[in-house]
Amino acid sequence: MGGYARFVWPSFAVALIIFAWNLWSAGNLHAAAKVRVARAVAMALKERT
Amino acid sequence: MWTWFYRLASPPYVYGVAATLTPWLLAGAVVALGYGEGVGLFFAPADYQQGDAFRIIYVHVPAGWISMFCYSTMAIAGAIALIWRIKIGHAVAAAAAPIGASFTLLALVTGSLWGRPMWGTYWVWDPRLTSELILLFLYIGVMSLRSAFEDPARGDRAAALLGLVGGVNIPIIHYSVVWWNSLHQGATVAKFGKPTMALSMLVPLLACFLGFMLFFGAVLCMRLRGEVLNRERQAKWVREAIKT
Amino acid sequence: MSERAPAGLDVDSLHIWRGDRHVLQGVSLSVNPGELLHVWGPNGTGKTTLLRVVCGLLRPEQGTVTWLGHPIDRVRAEYQSAMTFAAHETALKSDLTALENLRYTVGLKRAVSDQKLLDYLAQTGVSGCADLPAKVLSAGQRRRVAMARVLAVNARLWLLDEPYTNLDGNGAKLMANLLENHVKNAGFVVIVAHHELDVAVNIRRLELAS
Amino acid sequence: MSVNVQGRVRSSAAMGLVIRREMALSFRRPDQLLQPLVFFLIVTTLFPLGLSPLMSLLRDMAPGVLWVAALLSSLLALDHLFKSDADDGTLEQMALSGQGLWLIVVGKTFAHWLVSGVALVLVSPLVGAALGMPAHAFGTMMLSLAMGTLTLSWLGAIGAGLTVGLRRGNMLLSLIVLPLAMPLLIFGANATDRAIGGESPAGALYFLAALCVITSTLAPFAATAALRITLE
């Protein structure tokens, strides 16, 4: 009926892509948040001096 | 006794706990998935009808469960934040939404790939696939509503309310889709659900499910740290936090 | 609680953030019957935000607003029927006539007959345009209709945001003595205005620095 | 005007006032009343052009086409349910009127349904006939549309409450409300389809009535909470 190649491997490939995207976008979100915080801290410092 | 629960409401504590939890959850996910997918792919017996194409179940079914579990996490976190004004709830809801959407997409794609050998076409208006598709629309609705507001606090509250309203509607939508499907196609079409499974097939599936859950927990913790930072830019503790 | 039950409006250390801007930094004020508080300050210092918090439209992240000693969100119905808020824009439906505008908003607070509404419109000098749709009225006339609404609601606490805008000479005089009469018989007023007020009452000032 | 013991306006009188205000405002702008109806007629004329002029084919599609067009046009009308009042500040005045915000939301939504939903139901036989629907099905179709548009007005009130402050909230409103309205379409179109086929549409109509009751009881709270979030 269904061979491996046509459908099983693509499904696992898509799963891997989704897993990788989740990890990457979580890291990316955290890094962007850190940058925004650093900028806010720098701005606050500049205002106070 | 309840101190750990109350401390969950304080952003710095949650930021720290999320950091320590992530590696453990990821490790657990790797182990569980390694076993589950490995056995599911190579060692578990093929289905007598569908042959090896049946193995897609080890990705499709856990992804479907997680997409639902993630929506309820988002809806409950949003409700807690909306009702008891605990800001962390909004951060959890905002973190959970994209993960849930990605797993819904995974469930849809693998469902359609699985449909090809079973029905000969990539898309069939099957009740479970249709409900999954509508769930994806609900996720997109919540995420776009959250980002449509300039003031993030207001976007959080609006998204929390929509998540709740969507959550109440999910069972209604699901059963009306099942009712609609049973009307037009009758019961002749092979029911898409999990055929009754031998233990040797079930154990790897449960392992995969555990793996998906642990992975969801890990990514939720990672995104949560980012979302907490975004919402606590004025707080003092944030200055030390970004140093590490 | 203070020695005698607080008889008016008390605001205690309000903090509001708009995104990254710390719009209100620990603002406190109190108004008692027979007093007029003039909230003064350059643009963008949060005068309107303060008024929106005081009237209960905006919930502060920190700080409390109390009416007769109780936080306003616990006594919402009593507080809202004892106060009236005239926003910067005159809040009239341009398709409805002046009389209809009053009937449909004042009618939610107080049972007032059309005839009495016409008297209030006469008091603010716009009885002539009672039956004209608001869209044909001039900005000054619309401001006077909004003032008639404040009178018609007969509330003790007036919260007015820049009430003098678009008013001509005798419009300003009319506003001044309406405020004077209100404050004289135990009413109280919080006015946001960026210019001097010449009302013959003791005016307390609250300056919002940027 | 009836007043309760504390001298404040009784909520039933206030509800009547809100509904009369909404009706007065709607009839003051008749063009805005007609737009959803014309949209309904235009969308239904698209289908024969796109499919085929054959009445026999159209008759099979009629329930689905009619219901989808009805959903889309009442969704269009829902966008400015709170928007015009929020823009000119009258919504704030009403929110501070001492009456509960829920009363204003319920009054405005019900009045909006009276104006837009009922009009849609009255026009629907015209569209049904145009799509080859037999006359004996009109009764069920109109009943199902009445319940459907009322339920959609409640769902739309939640969506409108959430998107009132946004500049391009119209598209987002449809994106939010349509997934929630899918069960309506399923039961409504099926009830009409059965009526055409001569079978008893009772089953689908009961489901639709149940949906209408659930939404009419829960949606006002959600819509009020939504409006409170965006009004703050």
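For clarity, chains are labelled A, B, C and D in written order, and residue numbers in each chain start from 1.
To be clear about the criterion, a contact is a pair of C-beta atoms (placed from the backbone, for glycine too) under 8 Å apart; a residue touches a chain by one contact, two chains touch by 3 or more.
What you see is a predicted model, and the numbers here were worked out from it, not measured in a lab.
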Self-check item: Closest chain to global C-alpha mean, per-chain Cα centroids
Solution: D
Quiz prompt | Chain centre separation in whole Å, for chain D relative to chain A (CA means) | solution = 41
Self-check item: Separation of mean Cα positions, chain D and chain C [Å, integer]
Solution: 36
Quiz item: Distance-wise, how many Å sit between the C-alpha centres of chain A and chain B, to the nearest whole number?
Solution: 16
Self-check item: Centroid spacing, where centroids are CA-atom means, of chain B and chain D in whole angstrom
Solution: 33
Quiz item: Residues of chain C touching 2+ other chains?
Solution: 20
Quiz item: For chain B, which residues are shared contacts with two or more other chains?
Solution: 233-234
Quiz item: Tell me, which residues of chain A touch at least two other chains?
Solution: 40
Practice problem: Go ahead and list every pair of chains that touch. | Solution: A-B, B-C, B-D, C-D
Quiz item: Within the complex, which stretch of chain B touches chain D?
Solution: 82, 134, 137-138, 140-141, 144-145, 148-149, 154, 157-158, 161-162, 164-166, 168-169, 172-173, 176-177, 179-180, 183
Quiz prompt | Residue ranges of chain A in contact with chain B within the complex | solution = 1-4, 6-8, 10-12, 14-15, 18-19, 21-23, 25-27, 29-34, 36-38, 40-41
Quiz item: Considering the complex alone, what residue numbers of chain B touch chain A?
Solution: 37, 41, 49-56, 59-60, 63, 98-99, 102-103, 105-106, 109-110, 113-114, 116-117, 215, 219, 222-223, 225-227, 229-230, 233-234, 238-239, 241-242
Quiz prompt | Parts of chain C lying in touch with chain B, wherever the complex brings them together | solution = 17-20, 22
Exercise. Name, in rising order, each residue of chain D that touches chain C in their complex.
Key: 1-3, 6-9, 13-14, 17-18, 20-21, 24-25, 28-29, 85, 88-90, 92-99, 231-232
